[in-house]
């Protein structure tokens, strides 16, 4: 499965709810829209994301981090950046579930 | 001030954000719409609400608890129930700020 | 006391309009004055004149007509409305379309401004 | 691959339509097929034909017309639409109004159903 | 139609009732989907579990009490399964006794497996 | 108009930019309100602080970059104060250096006092 998270983890339970449903090793996580704030260095979700990236691939959507002024070097390590075409490819590979 | 909280604390940061802005002793809290779930016995926010009710009056809107099937005895102690007229009176007494 | 009301969420999707309506009715029953209701953000959609909700449900268009008959001004923001397709041809006869200055007027003229 | 798209949020208020649009364009560039876009909940408002956004902003009505010209079916739920004032007179020429069965058809006919 | 040809679709209900319309419009979709002889299931996780709370009375709110439809979803509208996540109930101080209808209370790990079997997941 | 006669209104900006329109429509309201010679202030708390993040570039998204207006709110649009809550910045790994404009970074307790002085609070 591809877990698409589109709400800010600071104001919504979307990330936490999704984490309960992520199959370790198999599933992939994609942060889009305000969901990308979870992957910012120095934020409150650093620990949670670090744990997540140990067993699962975590992607951030390029257009959404750029719009919000988050530079590549402000993202946590092991977070991968993809564009909309990469997004499409992830949906080809995995069945999507959106958490908002 | 009257702090009106209208989102479920399980899915939104509204309650936590509001708590930071409640003036002890002076301010009043009103839970409406999905905000009323914070006041349910046995839930995750029992401790937070118990602390809150020690220094501030906390009200729940009758129409909203009834719609959601929450009975009076399922609410935490010290939570007061008011109807829409009571709501109006609270706004007469205090300047409102809505947290959603 | 004089109240101003700000509604930011759309009809049916969120409870905001319902809570506001019940609040306004209670306030009037208690003898208070509603200086006006301003619709902003998705809230402008509440003033749409073409709603056709199922018959066994409350009709928000009729609720607004009722408020307007009681003399309450219902004001939808022109800019927020245009973005969402609320224009002169589609707005309910209960409401008027006007600018954001009206919201500030409500803040000035009301004793309390309450947001739903 | 065949994609079905479900959009649940209203235009401009939330980013859902924008994300979906960018996703659809990328999918078509990669040679995939979009079986249809279904608008439900507040999402039906995206298909409103009377939007007039500011000139310096993207025009979601035009974006939908562009998708439709590329042969993509845009389907607004009739029941969700009526509630919110989206009726035959106000729906964009880019979209059609139909029933929830169309959403299930998308689930059946698409390889993937993605929700925005 | 043979069992294996049916499309498996799951509604994932994550929102509380009345504050938003999502659960009401989800139920409207469930009813329609039930008529098409596919394999439709419904799961309640997070605040979605509140939708099933007993004793809902919307008279004072002026809204329709749509919760009455849940108990007849399986028998009258041919929904295959109604799952409720045990952990979400517990976190909210609820148990099966608080619910208005017979449902399958399952733990998160089981529901996670069920989700993996679906062709389409519809979050509400 | 004498200072004490002005109506004190505060925008309380609590949402991140672009995911929703709230901050953009808040700024449109700020610009209008500035013209009326009242005492208008703006506070950023919670995710609202993200609105002021430096380096926003919306080209790939296809949306308007409205953040350019923040730096001129005070000088060009007569907004009295822009407050940013220190605790919300810290929780998000941000500091004053990350912001695109000069603002008053205040702690929660001070902002709480400012709020009490307002006649109307407008949450966005």
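When the chains are written out, they are named A, B, C, D, E and F in that same order, and each has its own residue count from 1.
In this text, a contact is a pair of C-beta atoms (placed from the backbone, for glycine too) under 8 Å apart; a residue touches a chain by one contact, two chains touch by 3 or more.
These numbers were taken from a predicted model, which means no experiment stands behind them.
Undergrad: Using the touch definition from the top, list the chains contacting both chain D and chain E.
TA: Common neighbours, chain D/chain E: A, C.
Undergrad: If I rank B-F and C-F by number of C-beta contact pairs, which comes first?
TA: C-F
Undergrad: For the homomeric pair chain C and chain D, should the interface be classed as same or different, according to whether the shared residue numbers exceed half of all numbers used?
TA: Result for this pair: same.
Undergrad: What whole-number Å value describes the gap between the mean CA coordinates of chain A and chain C?
TA: 38
Undergrad: If you average the CA atoms of chain A and of chain F, how many Å lie between those two points?
TA: Computed from C-alpha means, the inter-chain centre distance equals 27 Å.
Undergrad: Out of chain C, which residues touch more than one other chain, so two or more?
TA: Counting only residues that touch two or more other chains, chain C contributes 12-13, 15, 22, 41, 79, 112-113, 115.
Undergrad: Hey, what residues on chain B touch two or more of the other chains?
TA: Answer for chain B, listing residues that touch two or more other chains: 6, 10-11, 13, 33-34, 63, 83, 95-96, 98, 100.
Undergrad: Which chain F residues reach two or more other chains?
TA: Where chain F meets two or more other chains at a single residue, that happens at 14, 18-21, 46, 61, 63, 119-121, 123.
Undergrad: Which two-chain combinations touch?
TA: Inter-chain contacts occur between A-B, A-D, A-E, A-F, B-C, B-E, B-F, C-D, C-E, C-F, D-E, D-F.
Undergrad: Which stretch or stretches of chain B touch chain E in the complex?
TA: My answer: residues 6-8, 10-11, 33-34, 37, 40-44, 46, 62-64, 66-71, 83.
Undergrad: Quick one: which bits of chain E touch chain A in the complex? Just the residue numbers, please.
TA: 12, 14, 45-46, 87, 108, 111-112, 115-116, 118-121, 123
Undergrad: With touch defined as at the start, can you tell me which chain F residues reach chain C in the complex?
TA: That would be residues 7, 9, 21-22, 25, 28-29, 32-33, 35-36, 38, 119-123 of chain F.
Undergrad: In the complex formed with chain A, which residues of chain F make contact?
TA: Of all residues in chain F, those touching chain A are 14-20, 46-47, 50, 53-61, 63, 65, 67, 91-94, 100.
Undergrad: Please output the residues of chain C touching chain D within their complex, sorted ascending.
TA: Residues of chain C touching chain D: 10-13, 41-42, 45, 48-54, 79, 82-87, 89-90.
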